[in-house]
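Common to both upcoming complexes is chain A, partnered first by chain B, then by chain C.
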Partner chain A sequence: MKFFKLLISFVLIFNLNNTYANDNDLNHKIIKNLRCLVCQGQSVYDSDSDFAISLKIVVANKINEGLTEKQIYSYLKKKYGEWILYDPELNKNTYLLWLLPVLLFLIGGVIIFKRFKIKNK
Partner chain B sequence: MLSSSIGYYALILGLISSLFLIYFCILNFRDHKYLNTKILSFTFFQFLFVITSFISLIVSFALSDFSNETVFNNSHTTKPIFYKIAGVWGNHEGSLLLWLLVLTLFTLIFLLKTKEQPLKYRILTILFQQIIIIGFFIFIIKTSSPFNYIFPTPKEGLGLNPILQDPILAIHPPILYLGYVGSSIIFSSALAATVLSFINNNWAFHIKKWVLASWIFLTLGILLGSVWAYYELGWGGFWFWDPVENVSLMPWLALTTLLHCILVLQKRSILTSWVIILSISTFTLSMCGTFLVRSGILNSVHTFANDPERGIFILIFLFSLIILSIIIFFFFHKRNESENESFFWLSKETAILMNNWFMMYFLSVVLIGTVYPIFLDVITSEKISVGPPFYHKLIIPFLVPFLIFMAIGPKLRWIKSNFDNKLNLIFVLFFSILISFLIVKNFDVNFLINLTIISGALYLFFITIRDFFIKKNKNNSQKIAHFGFSLLILSIMFNNIFSSEIITNLKVGEILETSNTKITFNEVNQKNEKNYKSIIGSFTIETKNEKTEKFKPELRIYNQPITITSEADIKTTLVSDKFMTINVVQNQDYFNVRYQVKPFMIWIWLSVILISVGGLVSFFKKEYEK
Partner chain C sequence: MKNKFFLFSSIFIFVIIFSIFYKSLHKTNIYTPSVKLDKKIPEYSTEVLNTDKIISYSEIFDTENFYFLNIWSSWCVPCRDEHYLLMELHKDKNIKLVGLNYKDNIDNAQKFLKELGNPFNIIIVDIDGVQAIEWGAVGVPESFLIHKKKVIKKYIGPLDKNLLIQIKSLIK
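Up next, the complex of A and B:
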């Protein structure tokens, strides 16, 4: 029973913490998805370089202008190329990227299931 | 001067002993009554030569001997002695020498620790190991010698990249290399065993210890890298799906798969081909990692130098090893008759195959995500980035069934099993879903995703806890490791969901108040250290229900080379980390201040340690061959 009490108090703690939730989720979601072009393997969100700072302002402005997430991405893509997006879009260049792992999973599944037997002799 | 020459000639001698070793191995292989003592002594001498070379490099670094090019490029007189020495493997040449050192050490240990194994198998393993060692010797001597001279001798060195001047990063490469290089033994031994048709339960029993040892080191090595990234890179993240992180994750995934698969081989002498393929790919992936990192193809903090010659050498070397193993696999490998038997669907074998299936999928996601952009760039010259969203989208949906298999799998028995108490298992599942519903119910974003993952992880969590009480002392290693994994997923999820942060620009004396936090910027102090100047901000943070806390995040301006690093001030408790960094805003009195509260951060590290403890328990467990 002690265990359950502990659990319940745990759950309660979490509920209190909920007040922390961020109000600018969209902004964060977008800048986490952008590569800081002058850094080494950091997103715009994580970086404090001048480039990242200016891009953060651009994104904030675009959100204020009422652009949707997709519009902002396509705007940035036009300006900086696809390199800036961490989440590659599904197009003729990336079919293999997105589908190959899933295809391999299916092939693996077929190989494994062929060796199963449902009933024991 | 002197130590560089000693180091260089020791390397040459090491290479020559390789040639002798190969000769003796072939000789001994034909006439195989006893182990030729020369093999043992030359392996020992080889290790001695490489360690001599390594020590001379350490001496050159410690004495700041700038006539040595590597020292000149990576050291500086004002650096503390600890970082002078750690700087030995903080660069391309030195880190390769460390690779070689570990490689020869492991070869020696292998020879000493396998006295009960068949002689031919031991000799052949050493032979394959020597092929790898020769490759590394030539690579080092030809393209990346750490002992090149510069004349005239410079007065001062260029210094080590300051973000590498860190205690954790000083031990991260050696630990990681122990894992990588351990996989070379698995590779050589699998090839040798294939040639001799020795892939059976005895071999599995003996190689399992090597698999475990490499796996533990690799796990800890990755952990250290991740901890370092967390506090040093200054953005509070611990895993970014950066290509260089991925290349260490790939051998880990392959090794984890092998670790499970080898159990089936040990118990039932089946799945031999699969075990060989996994052994080969584990080492190949380690080498691939080295290639990708060293060739400068990847853009990352780890890329020390861009030198196409090195990349081409590793690529050729890698391909020769792959071709060699493919030839051996197809010419020598014969499957057992019994292997064509199919499995009963509800058995431990099946559960382990499920693990292998999912692990291979995760591996393929990481592999394709890492190399696809490179190939696309080469073929179409279009550059794309593959970052966290890609991996999350492809991995997360598969994580939930994976977690559930992980909970149920270990309960099954070999060959044929049935569920003992189905009701209990289902009850725990509903219980987990309920709890996770209570936890995430106030979050409208990604509600369903969070709910399912946390349910899955909680399910594994409760089932393993229950197992600890029910089946005492049986297979503790598995329980600890699986429990650690559930804890890892839970902490990552909670960390993700409940993190909060404040990013703002403040100047001295300013106060920022949000709904529940008050940040006061008290003052800025400057301090001069030996090799850097530090700017320390002093902040007070008051939260509604807690006492006030002082934070002193720091900016360091290193003199050699001139670099600014940001040192986070982190207050760690069991419940959460409070993380504060500052950065300069150009041409202004303002500082960019980032304050993050990250719940359960320490549990992420602890759970990874727990996972490797699982491995350790298994490593030290006495098992007897049947």
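Up next, the complex of A and C:
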């Protein structure tokens, strides 16, 4: 019985959390990942420049039109290029960026593994 | 053996990180949009200044003519500076000028045109800046040379005499 009570409370808590995952969250997520092109070092979310204000309206409109996050990014990439996105996608220009941490992790792993093996011997 | 491996991997990591940083040193961090384009004009409908008429972009840019879309505003100082060049371009019969009035007060926009003259064949209104985004603009003034419903060139910032000569030679 106690287990069921616990289970129900967990389900309730997680469902309550889900109610916040609405359009507004998606909007914030997108505009936080967009670079304000006229104000260096700020995202569209942080900026109050004319460009950022307009871009916020465009993103809200596109969400209302039913476009997905990916579609909005590709729409903006067509207009302004890859530079507008903070989170670069995996392509031939960004292979190194994405794969280097994995490579370093693997090299580190090998070093640790080798030391561990030597110690065990 | 152990030391050799450690030395080799350290050098390898150092070389990779060094080359990335070295390469990035020469890369500018300032947004530089491409100005040579061959993009179709966006699809959008908009209001014409001083009327209730709604017109689509495909109706505005419908002929085989060259069009020059200029994003301007009465509060924008560089727009004031380049205005006389637009007046000069207006005299050319090979091109039609379209004004995109950006985030402006209508009364101020009219005063601006009364004072400096109206070079535009048609003026469309962009109250919230959404249309400027559709064109891929970042601010005012920005201009686009359009031919056969395609943007063939983009001019960021105010025009100058050299650019005017360049535009005139392009539309001959």
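The criterion applied here is as follows: the second predicted complex is superposed on the first by the 93 of 121 C-alpha atoms of A that agree within 3 Å, B and C clash if a C-alpha of one lies under 4 Å from a C-alpha of the other, contacts with A are read in each partner's own complex, and residues count from 1 in each chain.
Assume a contact is a pair of C-beta atoms (placed from the backbone, for glycine too) under 8 Å apart; a residue touches a chain by one contact, two chains touch by 3 or more.
Given the structure is predicted, the values throughout are model-derived calculations rather than measurements.
K.L.:
Is the number of chain A residues in contact higher for chain B or for chain C?
P.N.:
Looking at chain A, the partner in contact with more of its residues is B.
K.L.:
With the two complexes superposed on chain A, say which partner A:K32 touches: chain B (first), chain C (second), both, or neither.
P.N.:
In the superposition, A:K32 touches chain B alone.
K.L.:
If you stack the two complexes on chain A, which partner ends up touching A:S43: first (chain B), second (chain C), both, or neither?
P.N.:
Once the two structures are laid over each other on A, A:S43 reaches chain B alone.
K.L.:
With both complexes overlaid on chain A, does A:K62 touch chain B (first), chain C (second), both or neither?
P.N.:
The answer is neither, since A:K62 touches no partner chain.
K.L.:
Contacts for A:K117 in the overlay, against chain B (first) and chain C (second): which applies, first, second, both or neither?
P.N.:
first
K.L.:
Please indicate which partner A:L104 is in contact with in the superposed arrangement: first for chain B, second for chain C, both, or neither.
P.N.:
So A:L104 meets both chain B and chain C here.
K.L.:
Report for A:S54: first if it touches chain B alone, second if chain C alone, otherwise both or neither.
P.N.:
After superposition on chain A, A:S54 lies in contact with chain C alone.
K.L.:
Answer with first, second, both or neither: which of chain B and chain C does A:Y80 touch in the superposed model?
P.N.:
second
K.L.:
When the two structures are overlaid on chain A, which partner does A:N93 contact: first (chain B), second (chain C), both, or neither?
P.N.:
Once the two structures are laid over each other on A, A:N93 reaches chain B alone.
K.L.:
Could you pull out which residues of chain A sit against chain B in one structure and against chain C in the other?
P.N.:
Dual-contact residues (chain A): 35, 40, 50, 53, 81, 83, 96, 100, 104, 118.
K.L.:
Going by the contact rule set out above, which residues of chain B touch chain A in the complex?
P.N.:
233-235, 237, 240, 242-244, 299-301, 342-345, 350, 353-354, 357, 360-361, 364-365, 368-369, 372, 376, 380, 382-390, 393-394, 398, 416, 435, 438-439, 442-443, 445, 494, 498, 500-501, 515-516, 566, 583, 585-586, 592, 594, 597, 599
K.L.:
What residues on chain A touch chain C, complex-wise?
P.N.:
35, 37-38, 40, 50-51, 53-55, 57-58, 61, 79-81, 83, 96, 100, 104, 107, 110-111, 114, 118
K.L.:
List the residues on chain A that touch chain B in their complex, please.
P.N.:
7, 11, 14-15, 17-22, 25, 32-33, 35, 40-43, 45-48, 50, 53, 81-88, 93-94, 96-98, 100-102, 104-105, 108-109, 112, 115-118, 120
K.L.:
For chain C, which residues count as touching chain A in their complex?
P.N.:
For this pair, the touching residues of chain C are 2, 5-6, 9, 12-13, 16, 20, 29-31, 33-34, 103, 128-130, 132-134, 136, 138-139.
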